[in-house]
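Heads up, the next two complexes both have chain A, just with different partners, chain B and then chain C.
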Partner chain A sequence: MIRIGIPRALLYYQYYPMWKTFFEELGAEVVVSPPTTQVMLASGSSRVVADTCLPVKVFLGHILALVGKCDYIFVPAIRSVESKVYNCSKFLGLPDLTRAVIPESPPILDIDIDINKGKRNLYQAIYQLGRHLTWYPLRVRRASQAAWQAHLNYHQLMSSRNLTPPQVIERISGTAEAEANSSYLISAQATIAVIGHPYLLYDEHVNHRLIHRLEQAHNRVLTPEMLSTEELQSAIARLVGRAYWTYEEEVVGAGAHYLQSGADGVIGIIAFGCGPDSVMMDVVRQQASRLKATPFMSLTLEEHTAEAGIVTRLEAFLDMIHRRKRSQVKTCV
Partner chain B sequence: MEAYLGIDVGSVTTKLAVLDEYDKLITNLYLLTEGKPIEMVQQGLTQIKQQLPEDVNICGVATTGSARYLAGVIVGADLVKNEITSHAVATLQYLPEVQTIIEIGGQDSKIIIVRDGVVTDFGMNTVCAAGTGSFLDHQALRLNVSIEEFSRRALASDTPVRIAGRCTVFAESDMIHKQQMGHRTEDILYGLCQALVRNYFNNVGLGKDIKPPVVFQGGVAFNQAIVKALQEELNAEVIVPPHHEIMGAIGAALLVHEEILNSDNGSKFKGFGVSEIKYYTSSFECEACPNLCEIAQLSLNGRVLARWGGRCDRWERGSSS
Partner chain C sequence: MRIGIPHMGNLYIPVKALFERLNIDYVIPPVNSQRTLSLGVKHSPEGLCIPFKLTLGNLIEAAELGADTLLMAGGYGICRLGYYAKIQEQIIRDLGYNCEMVQLGVSEQKLFGLLKVIKRLSNYAPWSRIISAFRFGLAKLNALDKIERVVQKVRPIERIKGKANWLFAKAIKAIDKADDYATLKRVQTDYIDQLNQVTKDNQAQPLIVGITGEFYVVLEPFSNLDVESELGKLGVEVRRMTFISEWTKFSLFLNPLGMNEKDRIHKAALPYLKRDIGGDGWESVGEKVLHAKEYDGLVHLAPFTCMPEITAQNIMPSTKENIPVLTILCDEQIAKAGVLTRLEAFVDLLECRRRKCNNK
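Right after this comes the complex of A and B.
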């Protein structure tokens, strides 16, 4: 059986169930790299110039972790998934970058996704990808339909049941405890929304277990995936008109939504060296200071982030929210 | 007499403050940490005990500052609190109508925005120390001016020179250049103060809604030239509280007082005797996973009291058993 490696980084959190279904329907075995570790991050960053952004360094670390464990590695170039909305250049060049800096990698399976070029182009791209595994166009077609269904189910599960991508992926793989742990919710002191790209929010190594820390401190945590596409898009429409970047929803959309409803505080997570994030998170920050209703804090994750910096800011942010809530209760009484 | 002790162990200085049951300051202490937080906490306890009246009974202890967890284990703290909350609470007690708190310490600087007595926003310096006390210390040393003399001479400046404050490295080359061109040391010193203030507002204060009354605290508030530069930049009066350098410790003491009043348990304070105990610190590299965390541990008579530095709960859990 052909083994296809999928790095647990970047767009993994958005599309893994889709990709997995596609390749498995075509008879391949899917191998996922393990969760990020310090060694993986260091090995990834040793391959590129220091200025490269943190998420790409992490991604390359995952590619290196897959070398020798699979026959192919799947690295799509996702240019655009919406009309006239484009992705960051790092995503466009990902397959080429990977080939250039990791020559020992198994062959890279890539696919160019660009909605602007029309449906026909998209179907052709999918057939070309499927060709590596089968000669029958009909099998590719069935596999892509099943994959699309898996993708819709995945996002529906997250938004309808307030689950995070790792929770749903664990469920799909059958390794999870059936329900999301909700015992802490009863004693939850505050609801904190964490916004940003999934590859930052759910990579516990990169974010120093941010969500875990928030839950440990008795807070209910909301993430962008828990909102429906309609909620995200209408929030973007209200704030900036129309999106400029692909994946702007999880930053600007989720930020704008949670600043207005549902959260006692919003924490924005950005990666050091990320161009689009630095602009998008600032839009959210400006909105927060205009509304003055919900406290907002942004945290920048770096390669060498000392845990102390994150812990102190988190503690202070939570104190601020708890004390604020308490003073509001006092005023009401 | 009931009393509450706050200990603020910062990177450069260690501060202790004792408040009575009416939250009035009984006595305080300001020491240099000198890179030895454990010894300084112990020494601080010994010294402050001598300053206290005989009948004082410590009913609660809180620690704050960057070594707050370490100090908390040593003294048996009832509360370990971050420095932003501690500073805000202390300032609010001093000036309830405060709207902006500027705190510049040895290694970090903060801004806290307060509205109607509640913190609504805060910021801390992110990557570099260019807007902090150690920047001034370093440059004063280079110009061979003691930090005490710094303030007096900088205030004597009449035509301050413009120095790039974005980064200590650039500031230094700028200063050398100005110095070699024959500018007076006084003017360079005050230019340095203005550079620090500019850097503070561009970095920490970026996007913050700064409104008067503005309170300025932390060790750097001793420097009258910085106070003047801040006032010029803000075009507003800047208030320096009488105990500006120990506000973090005062805040911690206020918070632990509140905490003890709301709980049924007594204090976990280990007593002033802890200054006699010989604590032992060591570190090792955890090999359980590829993360290779550096774990630091504090032990007493071969028994491990606490461990830090892991990316998972593995060692933290071990310490409580």
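Right after this comes the complex of A and C.
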């Protein structure tokens, strides 16, 4: 059986169920790299120039962890999934970058996804990807339909039950029966929205278990995935008119939404050196200072980020929010 | 309506000619200075690149001089640049200037889009006037770049260092003043003659270093601390493919007809980078592969945190065509002494390499 490696980084959190279904339908075995560790991050960083952004370094660490454990590694180049909205260059160059800096990696399966080139082009790209595993176009077609269905289910599960991507992925793969986030809701002191790309929010090594820490401090945590596409898009339309980046909803859309409703505080998470985020998070920050309604804090993550620094800032932010809530209650009484 | 524009190299000269011929009221902000940079850095989000900060500084300085319509490149591409006009407009508004931002989406709309914007700015002047003014602007642009190419050849071998640069500065002023084709032509031939007559060391075989990288930092000497002149002083002949006139010639006139000068570069990059990654990343890799035989080395200029160029920088060392590459990241922290030391070391390395090759 052909083993296909999928790194647990970058777009994994958005598309894993879809990719897994696709490859499994075509009779391959999917191997996922283990959760990020310091060793993986260090080995990834050692391959690229220092200015490369943290998520890409993490990604390369995952590729290195997969070397020798699979026959192919799947690295898509996602250029555009919406008409005239483009992705960051790092995503576009990902397969080539991986080949260049990790020459020992198994052959890379790449696929160019560009909606602007039309449906025909997209279908051809999918078929070419499937060709590595089967010669029958119909099987590829069936597999891609099943994959698309898996993708829709995945997103539906997240937005309807308020689950985070890792929780849903655990459910789908049946490793653990994740409980819906309701146990601590009754005792929640405040609702904190965390916005940013999934590869930062759910990689516990990179963000020093930020979500876990927030929950332990008795806060209800909201993430961008818990909003429906319509909510995100209308928030974007209100703030910037039209999205410019492929994953703008997660930052600008969710930020604009939570700043106006549903959260006591918003934490924006960005990676140091991230091109799109430097622009998008600033749009959210400006909006926060204009509205003056919901406190906003942005945390920049990089490989040197010390845990203590994050914890201190988090505690200060939470203290401020809790105090603010108490004083609001008093004035109401 | 008073129009303000950001700087990029000598682009302001043709733009000025265009505006004057169309009787458009304009201000050209002072050339890039430490003040421009400080203004830009102060009001920019920290993670943005040097082109954003400098152009923002220019636009603020233009607004200070009374501009109420600001021109900035923009449109949907794949680098952050397309988003810049929007953010800059917001920042300038927040500073209390009531300015309208006009985006030039040249990459998508080509020549006609550009001409339409000019028509609107010129208060709907007749097309004949717009086209003749545009042609004159282009003529100035071509003259500037033709002289600059000669300057690049003369710099490394001139006997008295700095003569070529001095003549170039004079030529820029003369071209700026010229206001008909005849004078322009005369100025061009006159200065090219003068440059050719500069006393030179004719025996010298200067090292050849290519300059590649992100469009803005390659073309704006302030942002790269005038790497080209510094290399010239070290006796190195600089070659670059990026000229504004080349870019306009192709992207405005020839690309719509299906001719693409970059195809050759892209083809060269294919084995290492299969797809366009936005900005000039593809070209950077391609130029290294393409010119590995002609050049002794390559200076790769990129703004700090530039997404396409970082990807290119990571891919460059893996190419089979092997020439030394010096990547210089440009940002507000860049210092002359640091860059000079690195350039000197780089040139030493190239000389060593050439001697070894000759001995073999």
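Annotations for the structure displayed:
Here, the second predicted complex is superposed on the first by the 331 of 333 C-alpha atoms of A that agree within 3 Å, B and C clash if a C-alpha of one lies under 4 Å from a C-alpha of the other, contacts with A are read in each partner's own complex, and residues count from 1 in each chain.
Quick note on the criterion: a residue touches a chain if its C-beta (ideal position, glycine included) is under 8 Å from a C-beta of that chain, and two chains touch if they have at least 3 such contacts.
In this text the structure is predicted, and so the values were computed from the model without any measurement.
After superposition onto chain A, the partners chain B and chain C occupy separate space and fit alongside each other.
Look at A:112: by the touch rule set out above, it reaches chain C but stays clear of chain B. Put simply, more of the residues of chain A are touched by C, taking chain B and chain C as the two choices.
Once both structures are fitted onto chain A, a short way to say it is that chain B and chain C open up an angle of 80° at chain A, using Cα centres and rounding to the nearest 10. Look at A:44: by the touch rule set out above, it reaches neither chain B nor chain C. With both structures placed on the common chain, the touch criterion links A:198 to neither chain B nor chain C.
In the superposed pair of complexes, A:95 makes contact with chain C only, with no contact to chain B.
Of the two partner chains placed by the overlay, neither chain B nor chain C lies in contact with A:265.
Between chain B and chain C, the shortest distance over C-alpha atoms in the superposed arrangement works out to 6 Å. Overlaid on A, the two complexes show chain B and chain C touching the same residues of chain A, namely 285-286. Of all residues in chain B, those touching chain A in their complex are 66, 81-85, 117-122, 124, 126, 207, 209, 289-293, 309, 311-312. Those residues of chain A whose C-beta lies close enough to touch chain C in the complex are 48-49, 51-53, 77, 79, 84-90, 92-93, 95-97, 99-101, 103, 110, 112, 240, 244, 270, 272-279, 281-283, 285-286. Across the interface of their complex, chain A is touched by residues 45-48, 76-80, 82-83, 86-87, 90, 94, 272-279, 281, 304-308, 310-315, 317-318, 327, 329 of chain C. On chain A, the positions that touch chain B within their shared complex are 37-40, 205, 208-209, 285-286, 289, 292, 295-297, 300, 307-309, 312-313, 315-317, 319-320, 323-324, 327.
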